[in-house]
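For clarity, chains are labelled A, B, C and D in written order, and residue numbers in each chain start from 1.
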């Protein structure tokens, strides 16, 4: 199985389909793509230096929570498929972000997701500032993208 | 635990939250509300006389598949909560339907879902006519609703 | 769907099989019977007055944890099956219990489970005294059983 | 994340713990270790050339089914843990095998599993001969082990 990696502002994460993911219709159960997407988001932020368990412990335990989720199911995945979840940040604020996540089998797009995630305190459920690594990375890759666009335009 | 029931065009289905549904954040894991919603849809169509396993066997095995899903997570459910999934058909065609599903704890709306479901042949993945019970029921309850609206307007 | 109930020292708990429980082999995925069993144990202790969420909150959060599990898979369950989990306490000590759980479809035994559960503090992971309702109930039903046996022998 | 690999007769498979695997007790839910074990068995047989989806299609669809499972839960895994499932075949016959699977976090054994798996036809539920790669591999590694033992004894 290939490893996860970044390509510019996109994060590529491989997922293998096991029996646990499928249902009696012979395909991946619709809710389980959301698990694949969450694994990809977790590895995304881990790759930026944000360990979620560390944030769960400590004085003010915090966690990412999903506020909104949209999923377009275009074609089903089946047992043994090797999928790739391609994630990119579409929008980011001080306390939340919108992640676009597309799930592919080779070049075929199977499921297109858009997930809004907030960062909250588990004690008082109030929004917290996102771990700074996220905004820093977004700014850096967005700046790089703009620069590339400018170059391309010259 | 109370039983499921219809009230006019709405189907009420109770769900208890168990350890399996929760995660280390202390709340129900976001993908698991989609399981609750699917249980509710299954009991909804079963109550109308549509058994899904029967449709999986036979010469032309058919199944409901989710094409699109939107979820608004407003407030979290926790262990031991007794939830109610309230489902109603928003739109229906010959081969698909849109179901609005709201998940409540008592009067508090926790998650609002909108699910588009198609009915397909598992062999050729082509759309099939919905089981006739669904259109018949929708027509009957929609007619009743219109009649009620007329009465109310008088 | 029938409700759960006690019959002497046995607790009967109904479980419906949904798509989420099945896999591409067309049967219930082997790990999911353990979810059914846990739901049954939860309702068993709830019926005796032990709410698990209440025990998770408070000064010394406690939880039941499974120490050992054995499962004999005799025959598979399929989509739409209505199963019954029959649970009884085989052994009980101050800090743990062994529960025998048989999962039936009508009269056919599908899966036979034996689960050892301890009660622990989540803070220090040390064994805690079981909620007193459990030992009290076990003593009462065991006494009743012995009395019945004596009567029968007379 | 490290890749899976063989060391003599043992197969090492890494598993990362995500939110989906944990519960409100803050640890991995007991049934989910069985999912980790199944992923490891799947990659084990895939590494020997046995693709399960290929066996599900075709004229006589076959699948591995678990007949018996024992699990000793010694210590809990938590969010973000990187676990290793170490699998080895303890016994093998023409139609079934017993796999010993130990789940570690670094050197600490968390869960010890013993799983009996049969190979069956999904049509008539009858036992089928195991894919020949399995017996061949077992014989080869067992022979190598015996030879090593002999050498050691000299």
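Worth pointing out:
In this section, a contact is a pair of C-beta atoms (placed from the backbone, for glycine too) under 8 Å apart; a residue touches a chain by one contact, two chains touch by 3 or more.
In this text the structure is predicted, and so the values were computed from the model without any measurement.
For the interfaces A-B and A-D, the C-beta contact count is higher for A-B. Chain centres computed from CA atoms place D at the largest separation from chain B.
Each chain gets a centre from the mean of its Cα atoms; for chain B and chain D, those two points are 37 Å apart. Between chain A and chain D, the centres computed from C-alpha atoms are 29 Å apart. Counting only residues that touch two or more partner chains, chain D has 19-20, 24-27, 31, 35, 38, 56, 78-79. Of all residues in chain D, only 24-27, 30-32, 34-35, 38, 56, 63, 65-73, 76, 122 touch chain C in the complex they form.
On the side of chain C, the complex with chain B involves touching residues 1, 3-4, 16, 18-20, 26, 35, 38-39, 42-43, 46, 51-54, 56, 78-81.
Of all residues in chain D, only 19-20, 22-27, 29, 31, 78-79 touch chain B in the complex they form.
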